[in-house]
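There are two complexes below, and they share subunit A, which is joined by subunit B in the first and by subunit C in the second.
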Partner chain A sequence: MPKFAVVERDYKNVYEKYISYGHLPRKNGLGAHGTHYDITDVHDELVRTNPSRTIDGAEHLSLERARDVANVILVLATVTNGELAWRSYKDMEEKVGLPLADLADGNRNVRVQFADLQAQPRRLLNSPMWSGLTNSGRAYAPFTYNRERMVPWRTLTGRQHLYLDHPLYLEFGEHVPTYKPGPPPAEFADLRFSEKVGPTLELNYLTPHGKWHIHSTYGENERMTTLGRGCDPLWMNETDAESLDIVDNDWVEVHNDNGVVVTRAVVSARIPRGICIQYHSPERTYSIPKSPLRGHKRAGGHNSMTRTRLKVNLMAGGYGQFTFHFNYWGPTGCNRDTQIYVRKLPELVW
Partner chain B sequence: MTSTNRWIHDAVDPKTRTWEEFYRNRWQFDRVVRSTHGVNCTGSCSWNIHVKDGIVTWEMQALDYPTLDADIPPYEPRGCQRGISFSWYLYSPLRVKYPYMRGALLDLWRKARAEHDDPVAAWRSLVSDPEKRGRWQRARGKGGLRRVDWDTCLELISASCVQTIQDRGPDRIAGFSPIPAMSMISYASGSRFLQLIGGTSLSFYDWYCDLPNASPEIWGEQTDVNESADWFNAKFLAVMGSNLNMTRTPDCHFAAEARHNGTKMVVFSPDFSQVVKYADEWIPLNAGQDGAWWMAVNHVILKEFHHEQQTAAFLDYCRVYSDSPFLVELTAKDGAFEAGQLLRAGRLAGYADEENGEWKFLVCDENDGRPKMPMGTVGHRWGDAKGKWNLLPRDGRDGSDIDASLTFLGDVGATARVRLDDFAEGRSVHRDVPVREIELADGSKVTVATVYDILMAQYAVPRDGLGGDYPADYDDASQSYTPAWAERYTGIDRKTLLRFARQWASTAEHTGGKCTVIIGAGVNHWYHANLMYRAAIHSMIFCGCVGTNGGGMAHYVGQEKLAPMESWSSIALAKDWVPAVRLQNTPSWHYINSDQSRYEKNARDYHTVPDGVTPGGYADCHTIDANVRAVRQGWLPFYPQFQKNSLDVVAEAEAAGATDAAGVSKHVVDELVARKLKFAIEDPDAEEAWPRVWLIWRGNAIMSSAKGHEYFLDHYLGTHTNHISESLAGEAVKEVTWHEMAPQGKLDLIVDLNFRMDTSALYSDIVLPAATWYEKDDLNSTDMHSFIHPLSAAVPPCWESKSDWDIFKAIAKSFSKIAAKHYPQPVNDVIAAPLLHDTPAEIAQAGL
Partner chain C sequence: MDVRSQVSMVFHLDKCIGCHTCSVACKNVWTDREGTEYMWWNNVETKPGTGYPTKWEDQESYRGGWKTDGKKLSLRSTGKARIIPNIFHNTSMPSMDDYYEPWTYDFKELFNAPEGDDQPVAVPISKITGEQIDVEAGPNWDDDLGGSQIYARNDPNMEALTPNQRLQMMSIERLVFFYLPRICHHCLNPACVASCPSGALYKRGEDGIVLINQQVCRAWRACVAACPYKKTYYNWSTGKSEKCILCFPRLETGQAPACFHSCVGRIRYIGNVLYDADMLPEIANLPDDELVDAQRRMILDPFDEHVLEAARKNGIHEGIIESAQRSPVYAFVKEFGIALPPHIEYRTFPMLFYVPPLLPVMSSKENDVIDNDIDDLFADIEKARAPIQYFGSLFGGGNDGVVRYALRKQWAVRLVRRHLTVGDVTKETAERALAQADCTWEQADRIYRLTTLANMDERCIIPPFQREMAIEMMEDPHTHRSSVGFGFRNAPARGN
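Coming up: the complex of A and B.
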């Protein structure tokens, strides 16, 4: 069963609460990844020195301006307030039973605020919520804290887990490291309803990060469309292309059950046979012609080719490291096993 | 005059060079302000934004990161060809300058407002009329956005939220915004608003498939990686699925500098990718076969460096820092043994009364062969007795030293023949494993082996005295995971693999573990990525590379590292006011709500599982059924949570006599057990269960981030689509109510905050003009480096745009005003939340 919690919704005061920092952290302390520290004194000092608001007679830190929010975040976090990092190590010492707070000794008087960052970026301080150590200009490498200070990993045995004994992993044969073949295209059902019309190849469709955009941002701006081909082309192998009578910069139609993409081909020997690459992400705002195969509706982007499948054993819960945490655990939206058909575009219609 | 003469003339008479003034003017500025790009590039580079007459004219790399240790080259210069083009956006034709609303909706809204004084009643009149609702839904993505004033937008959004809360429940209001680290205050705006009203925040890192599941599997850690400067400390870099100069542009120089410093670099990539130019060796593995490669590398490492050479540093590391010595219970089944769960300390007489004995585990001591219970396990973490959660090799009971046995090979000579899966060939193999028998508190005996010995069998390392399906030698391709076996999958010659494995392990041996795998989306986005990553990580645990500078698994995909997490999350999730939150794993949410689950059958059709799995069990069902069970077991969240409005559920509980939270919880559990109350996930296509309002900010939820985009258009948006799939799942699903016709257009309203008119904006009902990264104050951190820096308002937000923080502030204000009439008093809401990591719920369920 899930756990059930009852909370109060005070809908007419949502705005007041949005712009004021509530008192629960002052009462309960802060922490993350299993750490904990008290903020009462620092909080109260901030209330005196920073903008604040009164609600029902109580003083609250103001969150009205983004800059105020930034200062509350910075002054109450361990990576930017060395005293709080020291406190958090002290708390961890009790759990672990070993000395740790010396890791923050040199940082106790370091406190960073927004204006400091505007003057120059600042290095993050050692904190028990992260596993790397950065004293004296040391480069951050993960798990040096665990290895050097004998602090357990947050797992079942506290050690690094080579063996995964959750009953679901046993059921799926993934309790031991193993090799599983990728999902077979026929059963993966990307091509169950699609038809080959004219000379067509089936390829594995990969959508890596590109050169002329970050995801789709920048891709459509003047400089980037000039530097790239003005669209997100489909990179394919020269022999594969030749078999479809495609030469570089020809238009191609890429389709499967999930949707359709129409773009130009980049024919290159650097791509092996059997796979194709469309760097992500196209935008529907530029360079997307219509698709003859789908009733001359406008074609789509790289996610027109994808459909979500979840890997079931990644749903395991309530068991050591197999316990849910937002963005931390659970099945993922994988997309690399996608298969498509590609053909030369018979006519270009905008 | 010849052209040469003219040049000389210009030089001696500068007055004629007035044309140069154009360039001087272009690069003049009145002020310089520091900012960066909040774009999930993971780069996080500090930029100086130059402003002239209130206009951003250009940006330049700030070049002032503090230096690290003197032995490491500086971070500078950071930046990329994309980032330096950002200022173009502020004044570009793509900029969203004003609020926009879909014309079809605006006309209906104005009419409804004329008929209804109360905006909530006006909104209700529209969404309860399928014909009207369909009008603006079908118009999505077909143009027709009209410029409108802020107040109209704010009122409509607020009315839709209040109506949804009243009629359906607050968890039908969902929000998507990715990667807080890239502009954490902007992320916090919408999620703070959502959590204050009881809405659903959607995850991103797992949805993007950037979460490497092997990291939580092995380390209990989302992702924690080397900053890029630490590549310089590595002596061997293996780069796979990561195209450094293309996508890690500001950091790539560390790889080049490491090479100048003598580091070897091998690139694995099926295509001749850009980063290959830095490599000493390019190994063009077949696409998606990285797992096969590392499995065979591990075979070689274990055989030569562990078994034959007994490399002390490697064995000691595994003994202390991995679960290698822990005891696994073997059970007899069909004439062979199966490896099962770890043996629990509480089952032994000596530890029977131990606190959390089911969550403490055992090793055998090398000196006397007796089982002992090391400190530092999850049972110690969540016990009342503090101070024993550490890795010192001591018994948690009596404090005695432990010298844990890695292997039982050769001590008493007992072996058990263990069945293992060979998924590539679709068969079982049987291999001998050294075992011992241990007496339990009830007098019975169990057969146990160490994790290490089971891995030796799984990696098919032949050892004297062990019979069964072990390979004869490296050239035996009949058994996984020999170098000859790997050839079939990777396409790479066995000699290359052997050379790599030996160099990898001997580099680690001679440098104290300075081998790093730089890895990314190219590997992580496969269905079985967890297995590929896990195999690569094993190579580094076997060689003691994890937890040292210059060593370990350096996974870079999303800008997931939000450094000041503690205080930020108290604001972003409104935990300063509300102690419980609705956080949804997005892969499940979209798989189910956008009906992508309907287009496949039993997951076993494509996921290879062992023969003889429980029929109808997790490994033999439709994925949606597994997800329903996972929600019922408290493994995963799912919102909307009930078919009924969660506010009504509390009211009913209170009417039935519940006076406190415990009473309400009991009522809810009773109703669920009696099947009078249903989870929404049990009938996600019923109208009552649909998500209704979708708020999108800082992201491109309907294109770049929309896996199954065409299904979104169909089932969420109710507009034109290019998918041609037909529902296939009818016969396979057992746990959910099946509807022959899939719903189209589940969403009443889609709101997008954006500074670009991108695909998500084109398909939304309301587009609100957001400030760019040069027009707002914010914070930014990354895992590529260890600095935190700001985004700052170099100029105020242009046209009618506002920062995300100010937009949600305005929405909150308008919402509160409208809500005052409908909710003059506070009401109670019940939140169903899954069992959570880093809480005592980690020891909630020892079995299924």
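Coming up: the complex of A and C.
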């Protein structure tokens, strides 16, 4: 049974709370990835020197202006406040039983604030929250901290795991990282109501990361749309395309029970037969025509065709590294592939 | 012996990840202006592919570079005698169809669209006419084998292959591609310079950088047709041509060119070499497949006493000699012999060299058995997915031998490293590979170091430019951002 907690809301003050920094971190300290550090003195200093707000007589740090938020984050984070990094290493020393604080010795008086970043980029400081060592200008490489300072990996055994002996993993046959076949097309159950309209092909639809963008970041600017195809195209196999009379750069309409995409086809020998790829993830703001199959409404993006499927073994918990932490461990969407129908777009309507 | 110094480049193709950071760096610094939208002084091509402008290597139609009758060189395109008949229409000149129509999107629509029952969208609009366009081409259309039927299959280097090899190269199991980043080659025998009726192009005496004087250019565009690499571009707004300036304002202040500095894969090396300009006339007319070796002969040993004496006599400063001695380009091209000029048969003697990619072919699969056949040391190079003839066409002037040499040596270095780090290759095997690849332990170490570990200061040896008298020295190179490469103190404008 999951743990439930009662949360009481003070609706009158919701906005006021939203724009001020609460007192609990001062009391409990901060931390992540098993680290912990005390911030009492830094917090009190901030309240004195930075904009603050008074709620029921108590003074709180103000989060009203974006700039103040940035400064609160920068001053309370270990990678931009060397004193806090040092404390955090001290805390780790106790857990690990090895000297570590020397990693932050030279940084204790370093602080980066927003105005510093406005002037020029700065390097992040060494911090036990991350597994890379970056002292003396060294480039970040993961796990150098574990390997060189003998800090155990954050797993059940303290080592890297290739084998997972959790019963759920054993039962699902996912205990070793070996090839697992994809589910058979029908199991996706995303083509139960869709109909083939005109010459149509059923393909497996994949939405991996693109080569030069992280979602839409870095990709959707004039430089990169120019160095690409000017849209987020659908990559498909030459023979598959030929069977639908599609040539490179033709418009195609891709659909299933969940949604529709209208984009250009990139026809390539690089793609095996039976699959197609649309790199994620385009914004629905540029180069997206309307969809004839959906009553000439604006077509969607790559995620219009996939849906969330909770993967059961990712719900395993309370077992070493399988411990729930927001945005780190828990059921993910697994929404990266499905089955679709593709056809040549009969008419282009913007 | 007429010893000169030339700033030269090496690109190590096994290291290029095709990120195009270099292209964006160059564009942001130099060609972010009206009239230069379509100019990519640096671009990255997927090979096999047709590149940018489309099929630039097809000199049957573009007529770039030099041709020889065995005795004398002449320009293929725009000899001065041909200028007048071609003045209104030069059939070998690339047109907008060979480049692309630059575009952006009508983003205003996202904010200004009237209220409706559907989401507004920014449609593509031409940066030339401002009208809505259908995007049909771009500067990197065949990235990662996109449109392989149309582009990769029409790569001019495919002509060196048998029909069967061509077919195999495109089958999914053998499919292979690599990236070819390109900038101006600052050639020793530049066709662009020779072609200009106004004499606007020149090669700087002290470092060999090829530039276009914006005050003298009169929009003949002869250089655009004559450059076989299609690395000069015509600015439709100023009515002048422009090209890669090797970031000379950066070089003169001791900084690596923007594309070198930003290269994520650290594939780019720059340094000066000493060469004997007297040799050019005698080697310029040699058969295609002898040109790679001949060009190497022109590049002189910067430790040889005779060379140094001749260099000093020519007024080459000690600082420049010293940097030539540390040049990574000299190491890759001359000492190791693993960096090759692209399409030397165009006879411009490009001074940008490529280390050909080994590609990740490590094993062959026969009867479902993966076979890492270490006994047959170099078999994989011959059986590689990209036939050696393809590289011979691209980097050897049709001479497969120079490519094979470069690949075997790189392979031998890998076996040595494998012996040292993994241990599944015996010392005896590694030594046998070195002997067969004409390499020593010491050289293998140096190749390994320069390929994998060398930092910025080792990859980019920038000679002192001795331009104390030049006013440019006094200025912050950043003030030249977005200005025309040469003569930048006057803002570029039509009719200037």
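The definition used in the following text is that the second predicted complex is superposed on the first by the 232 of 350 C-alpha atoms of A that agree within 3 Å, B and C clash if a C-alpha of one lies under 4 Å from a C-alpha of the other, contacts with A are read in each partner's own complex, and residues count from 1 in each chain.
Following the convention adopted for this analysis, a residue touches a chain if its C-beta (ideal position, glycine included) is under 8 Å from a C-beta of that chain, and two chains touch if they have at least 3 such contacts.
Model, not experiment: these values are computed from the prediction.
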| item | value |
| --- | --- |
| Subunit B versus subunit C as contact partner of A:238, first or second or both or neither | second |
| Touching partner for A:229 - first (subunit B), second (subunit C), both, neither | second |
| Partner chain(s) touched by A:272 [first = subunit B, second = subunit C, both, neither] | both |
| Partner chain(s) touched by A:162 [first = subunit B, second = subunit C, both, neither] | first |
| Touched partner set for A:335, first subunit B, second subunit C, both or neither | first |
| Partner, of subunit C and subunit B, that touches more residues belonging to subunit A | B |
| Subunit B versus subunit C as contact partner of A:13, first or second or both or neither | first |
| Contacts of A:285 with subunit B and subunit C, given as first, second, both or neither | both |
| Partner chain(s) touched by A:212 [first = subunit B, second = subunit C, both, neither] | both |
| Doubly contacted subunit A residues - partners subunit C and subunit B | 211-212, 222-224, 227, 269-270, 272, 284-285, 297 |
| Touch list for subunit C against partner subunit A, complex | 18-20, 23-24, 27-28, 102-105, 107, 110, 118-119, 121-124, 132, 135-136, 138-141, 143-150, 152, 170-172, 175, 177 |
| Partner subunit C, residues of subunit A touching it in the complex | 211-212, 222-231, 233, 235, 238, 247-249, 266-270, 272, 284-290, 297-298, 350 |
